[in-house]
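Chain naming follows the written order as A, B, C and D, and within any one chain the residues start at number 1.
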Amino acid sequence: MTLTEFFGLYNYWIVVFLMMTGFYIVIARRNMIKTVIGLNIFQVSVVLLYVTMGKVTGGTAPIIPPGIAGHSDGEHASSHGSHDAHEVVDHAHQHAADAAEIIYSNPLPSVLMLTAIVVGIATTALALALIVRISEDYGTIEEDEILLMDRRQ
Amino acid sequence: MLVSVSILTLLAVTAIAIARIGDLWAAVMFTGIFSFLGASWMLILDAPDVAFTEAAVGAGISTVLMLGTLALTGKKEKPTKSSPIVPLFVVGVTGAALIYGTLDMPHFGDRHSPVQTRIDPGFVEKSQPDMHGLPNVVTGLLGSYRGYDTLGETAVIFTAGIAVILILRREPKEKETERSTGKKGKSL
Amino acid sequence: MSNVTPETLIQICMGLPLVALVLVVITGKIANLREACTITISSVLFFVTCQLAGHVFSGARPEWSLGDVMMPGFEIAFQVEPLGMLFALVASGLWVLTTIYAIGYMRGHHEINQTRFFACFAIAIFAALAAAFSANLFTLFVMYEVMTVSTYPLVTHHGDEKARNGGRVYLGILLSTSVAFFMLAIAWTWSVAGTLDFTPGGVLAEAFSEGKINAVQLAILFCLFAFGIGKAALMPFHRWLPAAMVAPTPVSALLHAVAVVKVGVFSVLKVAIYIFGIDLIADTHAGDWICYVAAASILLASLVAMTKDNLKARLAYSTISQLAYITLGAAIATEASMLGGGMHIAMHAVGKITLFFCAGAIYVGAHKTNISDMRGLGRTMPFTFGAFLIATISIIGLPPGGGAWSKYFLALGAVDSGKAWLMGTLMVSSLLNIAYLVPIPILAFMAPTKNETDDESHVDGGWKIKEGPLLCVVPLCITAIGSVVLFFFANQIYQWLIPIVQSGH
Amino acid sequence: MIEYLHFHLPVLPIVIPLMIAPLCVLLGSRHVANVLSLFACWVTFGLSLLLVSRVCELGEISYFLGGWKPPYGIEYAIDPLNSFLMAMIAGMGAIVLTYSGPSLRDEVPKSKHYLFYSLYLLCMTGLMGMCATGDLFNVFVFLEISSLSTYALISLGKTRRAPLAAFQYLIMGTIGATFLLIGIGLLYQMTGTLNMADIGVQLERYRVAAVIVDGIEGPPHWEGSRTMLVAFAFLTVGLCIKMAVFPLHTWLPNSYTYAPSVVTCFVAATATKVSVYAFIRVVFGIFTPEFAFELLPLDTALWSFSLVGIFVASIAAIYQTNIKRRLAYSSIAQVGYMLLGISMANQDGLTAGIVHMFNHGLIKGALFMVVGCFVLRLGSVQMDDWRGAGKTMPWTSLAWAIGGLGLIGVPVTCGFISKWLLLTAAMEDELYLVAALMLISSLLAVIYVWQVVEVLYFSPPSEKAKKATEAPLIMLVTTYVVVAATLVFGVWTTWSAGLAGDAARFLLQGGAP
């Protein structure tokens, strides 16, 4: 275990820790709301995992500053690969040169996670609705008690 | 660096607090805080769109929904009797597997990782001509390349919506029988 | 008919029982029409089968395949060769008689669900014919199982507790053995030989010479086949046969003479001849273990039969013993023993169906099931017991019963293969046959009736004949005559079957 | 017009039900919703059949959603395997919906019907979408559509245990989906792309040529294999939860038991199969069988879990008096057979696994439809109440017997075809023990099916059975259509086993999805 490895990965390890805490709450807790909370934490941690992947050191959010936006039409400027650098230099536009210097973090994880968050809240809503219904029917939301009631029946 | 380390630490502490706390009301509040902390970290990770959504949805809507549910059900969690050893073991194994899996991963922020280099030209460059210079690349992507996912996402929300209606709506008749049988529900 | 090709005849043969099935179901409500349909079609079927037999016995090997709708490895294909043809002749011929008999029996006995009975009967005959004509093991297996399932409603016909238990044993043993052993054996054969086609001379010989399978494995494979084909009722997987006795007698006749058990032994023979090949079994002694098992089966079943007082149960154990003869013939694997086994299919079928018909006729006519109750019954039912006596002679293997020839060839085969001790087994078994079968007609004709004064039939010192329904008695007389005719006809059958053992050389 | 139809054919079977689902809610009338959803289902079925024929004709079809090419956009990749499965799903969806009328009126309050139809269509959309897509993240999204609608549909059951079962399924299902998401994330991390075919190509770059020492080829080797392995493990576990592989099956018995009969029919026939399909895709489309089965002893693990699962679930089934639960345990066992076939990773085995997905879908669909008929007339799923129903409901009972024979795998039913293929595949791999155990386990099916047959035919009728009448014609006819299909595909195998064989060949030749 080298130091670079540690500094390169400790982010992920904390995210793993968060995920596992959420997972633990889901499988260990018998209260239904607590289970749903656990699920929430689990999912938020996965979102963090994805977002962590998209980050580039020294990068910035994938939002094009107003000055540059609109000028890069039709260009194939590359923010990272050095083999493309000469193309960029060819351009007379000062803005374009600026654009090449700005490093953007990868927007795709963000896009995916927007979807995932929405899916997560949909699941939560459905789960909560089920809990309300179960609580009406059984008068409790503790799984152990409910199983006991069903067994007695 | 310091900020991110402290946020990460706080996240971990909050998560443990949620796991241990027996009062559901407090747990829900902590969940809101967890989401909020997560959102701030996302901001640091250059994902403002996700951060805003997480803050709104995770810290906002879901907290409200949970509080609403709590109001209908009850605030105290009964202590769990079953031993935590099996869940701990499962979680331990899963976590260990994940840590093991990170060992071959590109390091944090590595600009030569496949995530950054596989798609060339990258989304930012590609989307500029395709989206006619829409400044927010994330929004552009949501509507274009991953537009179909967004449609799916809408379908998920729609599904959840009608599902909630379906689950919570009670028939007048159903309620009566419920009452007459002393809320015991119907047996098989 | 002369302008119809043998290929078409195969299709007609297998199609007719299905037509009968449809007609029976449609006309189910009108009993007379329903039964007229069955009889007509079964007669036509016998006629068509005879036509086909003419072609096959003069050397033709017509084929027909459903290849268009099946994947490789799942070919439902048919090819008629003499052994299968003989079996088909027996099955279709006896179907006619069994149908006539069944009408008499079912009506005389006021059975329920007669439509279901005739419908399932038709499916079973279809399966028997299709199995007889099958060109590969896959087809044979499919039809074998179709027959198991289609006869289940027949066995459990009465629908009561006893029927349920009998059906359980029946289906349980037949399905378990076929799935656990037979199917495994087929898959093994497939993986070793790469084909399941019935080929003169066998398909495993090549695999053996290439070292894909050794002699011990061959012996195990042979055991898997012999036990897996549970319908051959080799001990210890014979329990289903007595259990199936809860069925109405026409079903027992179907099970024990026409279709089910005969499909079993037929399959054993077919596997021995066309999958292993006579030479391979003889060279590798793959059949030796089964020789012992079959010999033991013959003797044990005979001994058990002696202890049974219920006529149908005694006949059931007799069947187990007789089937083991055929399995033995396959295991000995000489030309004579194979021919003997093949002939025994026909000889035993005709003899045993007569015995079952008699048992049924006695039941319908006199309501007796136990042998000890049949004292003096021969005097009121002379035709029935006369037929019984003739069939007994055939089963024992005495001239002029057809069984004499098949047993002769089996014994010949035993000597040929150098297993002279088997001769002893056959002799003892014949003696046992005498011991458990002959007393029945003797008792019926000679012994005084139990309480003669009460017997209504005893009027003015003479015996009033009181037989079962005419439709029951006529078929059993025909089959009894048939078993004698077969004695004189044996050479013809021998000539027909000769190609099956020669084509391998 | 035809041109246009052909061009957009891959996406139409997914989009049509997706578009009609909100319409059902908006119009708000259960009659209109019924007609609309029936229309949507049958049209979808027709289109998927057309799609199958197109794929047979042209080979793999790629469709870029919105015209954005991968790796930027999302791709639909239709090949012999998924078109085959889509046709099955749409077909079962259509037939079950046609069947549903009387049963639905009996079990679900009328005011909820229009929502039911909408969810039903959404569920179908989700399942079809999971099949069609060539994008890993898109799989997750459509998995959630189908899952959420399934949870809601299950909660519609009559008893109060239904919402509980739905909740338990929701928790398990969401854990599964989240595991899937983690696996997808790790793969994305390693390859930077989400397109399945592209991931496969990118992963190949990590492959190191096998080292040859002393003329013996060493085991295959991958750089970065730790992350790949974990990604693979998470995808596998996530999907195993969704396909209810023993011991991750705990959600299934309750869900199938307490859901309305119609829902059980549809879900049992289709949902687990789609997850099995996704697993096949992961093993053969993204990773290579070499990676999955040689680097990781996954094949041995799969056999052991499958076989243990088959035995445990079959034995559990024998002890169930609730017939829906009995069939549910049987479903868990049957998934074992599919996995067994897949784990062999040879032509016959894979064909067996794929064809069993199809055949078991038909058989289980048919059996649950029969259960639906009985529930409607007897009002019970307890075996005791079914006693003697063979006399008053002869046709329904006969359908059970035939369907049961299919489940056992008796020749002439399609169950036999799968069993036979599986057996020959096992023999080909010289897995004699597996072959023998598989055959013995199939005998357990005889017990749990035949107990019911005996109850139907040989027991004195129960009070409920005495009063019962034959099921409504529409339910009987549709049930018999499916029952007939189990027989037809038991003989006519060129379509089912033939297509499955094509699909298997396609996968084994490294045909990336």
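In this text, a contact is a pair of C-beta atoms (placed from the backbone, for glycine too) under 8 Å apart; a residue touches a chain by one contact, two chains touch by 3 or more.
Computed from a prediction, not measured in an experiment: that's the story for all the values here.
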Geometric centre: closest chain by C-alpha means:
D
Return the chain pair with more inter-chain C-beta contacts, choosing between A-B and B-D.
A-B
Dist(centroid_CA(subunit A), centroid_CA(subunit B)) in Å evaluates to 8
So, in whole Å, the Cα centroid of subunit A is separated from that of subunit C by 73
Return the distance between the CA-based centres of subunit B and subunit D, expressed in whole Å.
28
Using Cα averages as centroids, what's the distance between subunit C and subunit D in whole Å?
44
So which bits of subunit A are touching at least two other chains?
19, 23, 27, 53, 108-109, 112, 115, 119, 122-123, 126, 130-131, 133, 137-138
Multi-chain contacts in subunit D: which residues touch at least two other chains?
137, 141, 144, 148, 151-152, 155, 160, 163, 182, 188-189
Name the shape of the chain contact graph, picking from line, ring, star, complete and other.
other
Of subunit D, residues touching subunit B in the complex:
18, 21-22, 25, 65-66, 68, 71-74, 109, 111-112, 115-116, 118-119, 122, 125, 129, 137-138, 141-142, 144-145, 148-149, 151-152, 155-156, 158-160, 163, 182, 186, 188-193, 202, 223-231, 233-234, 322, 380-382
Tell me, which parts of subunit C touch subunit D in their complex?
66, 68-71, 73-74, 76, 141-143, 145-146, 148-149, 156, 159-161, 163-164, 167-168, 171-172, 175-176, 179-180, 183-184, 187-188, 190-191
Of subunit A, residues touching subunit B in the complex:
4-5, 7-14, 16-25, 27-31, 33-34, 36-38, 40-41, 44-45, 47-48, 51-66, 69-81, 103-115, 117-126, 128-133, 135, 137-142, 144-145, 153
Enumerate the contact residues on subunit B facing subunit D in the complex.
97-98, 100-106, 113-119, 123, 126, 144-149, 151-153, 155-156, 158-160, 162-163, 165-167, 169, 171, 173-174, 185-188
Seen from subunit B, its contact residues with subunit A in the complex are 8, 11-12, 15-16, 18-19, 24, 27-28, 31, 34-35, 38, 41-42, 45-50, 53-54, 57-58, 61-62, 65-66, 68-70, 72-74, 77-78, 80-82, 84, 87-88, 90-92, 94-95, 98-99, 102-103, 105, 107-113, 115-117, 119-125, 128-129, 132-138, 141-142, 146, 149-150, 152-153, 156-157, 159-160, 163-164, 167-168, 183, 185, 187
